[in-house]
Amino acid sequence: MKSKSLACLAVAIVVLLVGGCASTGGEGDPGASVEDYGSGTGAYTSGASQGGAWTGSALEDPNSPLYTKTIYFDFDQSTVRSDYIEILSAHASYLISSPSTTVLIEGHGDERGSREYNIGLGESRANAIRNFLEAEGVSPSQINTISYGEERPAAFGNDEASWSENRRGVLVY
Amino acid sequence: MKKLLTLILLFVVALQTKAAPLTIEITQGLEGALPIAVVPFAWRGDQGAPPPHEVGGIVAADLGRSGRFKPLPTQDMLSKPSRGDQVDFRDWRALNVDNLVIGEISPNGPGGYLVKFHLYDVFRGEQLTGYSIPTTARDLRATAHHIADIVYETLTGQPGAFATRIAYVTSIRGGTGKDRTEQVELRIADADGYGAQSIVSSKEPIMSPAWSPDGRKIAYVSFENAQPSIWVQEVFTGKREKLTSFKGINGAPAWSPDGRSLALTLSKDGNPDIFVMDVARRSLRPITRHRAIDTEPAWSPDGRSLVFTSDRGGAPQIYQVSVNGGEPSRVTFEGPYNARASFSPDGRLLGMVTRVDGNYRIATLDPTTRDLRVLSTGRLDESPSFAPNGSMIIYATQASGKGVLAAVSTDGRVQQRLRLQEGDVREPVWSPYLKNERNR
Amino acid sequence: MLAVLRRNPVALLLAILLHVALAVFLIYEVAWRDEVKPIGADVDVVQARLVDQRKLDAEVEQREAAERARIEEAAAARRAEQDEREAVEKRRAEEKRKLVEIEQQRKQREQEEARKQAEEKKRAEAEKKRLVELERKQAEQKKKQEAEKKRLAELEKKRKLEEQKREQEAVRKMAKEKAEREAEEKAEKERQERIAKEKAEAERKRKAAEDRARAQREAELAAQFAAEQDASEQARVLGLIQSKVQRNWLRPPGTEGLKCTVRVRLGPSGSVLLANVVESSGNIAFDRSVEAAVRKADPLPMPRSQRLAALFRDLIFEFVPGN
């Protein structure tokens, strides 16, 4: 990661100093989503003055805890795991600092068991995240929740590897 | 003197033979499907279009699918009569077939047909019933299912459920990554899978379809506009209206037996609870109030109580509560996970999903004897639905990583897979008996 | 040019730097963009090749024509096959039917034969009886005649004896004393003989009585044996009937615990004349299945003796599945 940034940096400096070549951001993936392969867009080269700091939205900064918007749950559980507390706290801070921002929390579950009960489970998970954020001080008006139960899986295998990927809450800004 | 004695003796002996006849006890036989032969119906027209379906084949397929009958393959038939005077019972006794159905179709006005059929008892050598049914090309399949119902009821004493329909959800996925799309549809088909029609199409999830008791409406949950709400749609016209759209969960709609109320799950008050809504007045009445997940309500056939899924005891189990509210009582005590219960049409059994050794399977429970019987054999079976004559349960399962539908007879002896189409198929629900089939 | 360069040393420096940088980057590849991870399905790369369009068209035409011809052939072949198959099936069906008919006819003939034989036997027996009766009558007649003859002969004998006695009277007067003494001795002797005879007679009677008793016991044993034979024959046939009906009973599922009673009337050789449900189980399918079981088991096995067979003409079947 670091060497890539350095290389970009070097070229940018050289080209700029020569003058005349306005960078258009190149042929990076247009509109590649943050949720996808974590590739970074390569399209964000904005103002001339700032060098070395990420300048896009913190939510898309791969180095920021806000980058993680999916947290996973254990089987049949809707309690937030301790390894996600830091990330959720970061999200709480972000929301507190930006009172006009709203977030939609999606609750999901794996495919085992009946569908409507899993809608209930998904809601429990979304609520767990919401309760955490509100406990950190986020205003309830900034938070919406929806449960998709098992209807919107992220992985499609019939095994624990896929099931663990589907037991999740997703923060959608 | 000697002669008199002999006479008396003979008389006594004669008396002996007129005493009680010998009684023989038969204690066992073979259990199995009844062999029946359905001869392809003959076409008697020389003008007009020949019928678009082979009626005999549809009747045979229906009877075979019920698991109670074993139709004879047509290539094994020694003769193919279509009229009573052509029937020679020796041809059928030789094949050990118990019953015989023959029929013929003749033109009956423009676009019309007249279907005649007879049902015979081969070993008694007599006709049991026969009918003459006027119909049209469009209604020909319905007529074939009607004939299968008559044969089924004559031979088993139970009404048939072949002229019924099923509703189910299909999902076709495309694209990858962020461009992943899903085409979700709610479809209705004949109970044999024929003639599927899409009645709702969406990119967002559709769940929990439920037929009204008169078979004219379907309630379902739709996530269109990124929020779950309950809709009621008329089957024949496609007209629909949104019934609920509260904050939180709107799910699991279930029609009362009189069609006037819907039990449903709402979490507007903080967590999922069961409510009953009067459809005409749109008034809501809470039935359960508990911080646990209470969902998947289903009505008893007498309309006086509801069974539902609740994890108030820790893991999901089935509970029963009066329709007037009150303290629910637990119904399932066997198995670590029981959900999605529904009553059989005669009210004597509950069908449900139960977990056995980590596998989710369809089971029936007799609430009075607490006898739990596991019927299916998959790992991820769900959404059981009874046929309106209680003889079979249709449900969703997985095969080669795809969602498919399957059916099992209520006594668990006969299992079959339903072939429907590409994509995933799930959430099947069997229609009630349908009175007048018009405007498919 | 060198003058220009000397006037702008910075530019010269930068230009050199630029070229160096370019050279470096040319030699050491730097990833400008992140590797695009493969998405999923491989994209098929089509190897294009320039081809004479006309030739191509001609080839395609040819192939299509060949294909069409093949399809036609195949269709024709299939049709021919189909026709043949149908013909074969028809023949087979006909044969099957014929076989069944022949079997039926053979059965009928056998029955005819048996009946004729039975009749023949009857006639022969009747004839024999008549002859025996005739003989007996003749024997009786003979006996009567002989008895009569005997009687007359006896009468004659008596008369002769009396005459002799009168003649001997005179002689006896002379030897009266001697004769009296001899007569006394004779009488005594005769008395002794009579006693011995009576003893022997009594002895014989006793023995005869013993023989009769023994004969009676043997007769009783024989009768008992015959009865046991009957009972075991009856049990054997009952067992055969039971297993044949059970073999033919296709019981509808879920009917354990039901009970149905059927009354059956049989012909002399076990053919089912009537089969009626007399006590229904309440389940239509169950009732039908038991009636069908009895009809399918036709003809039922019967005992060998006519006498026992009479008991089997009227039967009651109780269907009580044991599960």
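Just a few scattered comments:
When the chains are written out, they are named A, B and C in that same order, and each has its own residue count from 1.
The rule we apply is simple: a residue touches a chain if its C-beta (ideal position, glycine included) is under 8 Å from a C-beta of that chain, and two chains touch if they have at least 3 such contacts.
Since the structure is predicted, the reported quantities are computational estimates derived from the model, not experimental observations.
Taking the mean of all protein Cα atoms as the centre, the chain whose own Cα mean lies nearest is B. Remark: among chain pairs B-C and A-B, B-C carries the greater number of C-beta contacts. In this assembly, the C-alpha centroid of subunit A lies 80 Å from the C-alpha centroid of subunit C. Between the CA-based centres of subunit B and subunit C the separation comes to 41 Å, rounded to the whole angstrom. Separating the centre of subunit A from that of subunit B, both taken as means of CA atoms, is a distance of 46 Å. With touch defined as above, residues shared between interfaces to two or more other chains in subunit B number as follows: 177. Counting partner chains per residue, subunit A shows two or more touched chains at residues 37. Listed in rising order, the residues of subunit B touching subunit C in the complex are 17, 21-32, 34-35, 68, 75, 77-79, 90-91, 94, 96, 98, 121, 123-124, 155-157, 176-177, 409, 411, 413. Partner subunit A is touched in their complex by these residues of subunit B: 177-178, 205, 207-208, 223, 226-228, 248-249, 251-252, 265, 267, 271-272, 293, 295-296, 309, 311, 315-316, 337, 339-340, 353, 355, 360, 379-380, 382-383, 398, 401, 427. Subunit A contributes residues 33, 35-37, 76, 111-117, 119-121, 123-124, 145-149, 151-152, 156-158 to its touches with subunit B in the complex.
For subunit C in complex with subunit B, the touching residues are 39-40, 89, 93, 96-97, 100, 104, 238, 241-242, 245-246, 248-254, 263, 283-285, 288-293, 295-296, 310-312, 314-323.
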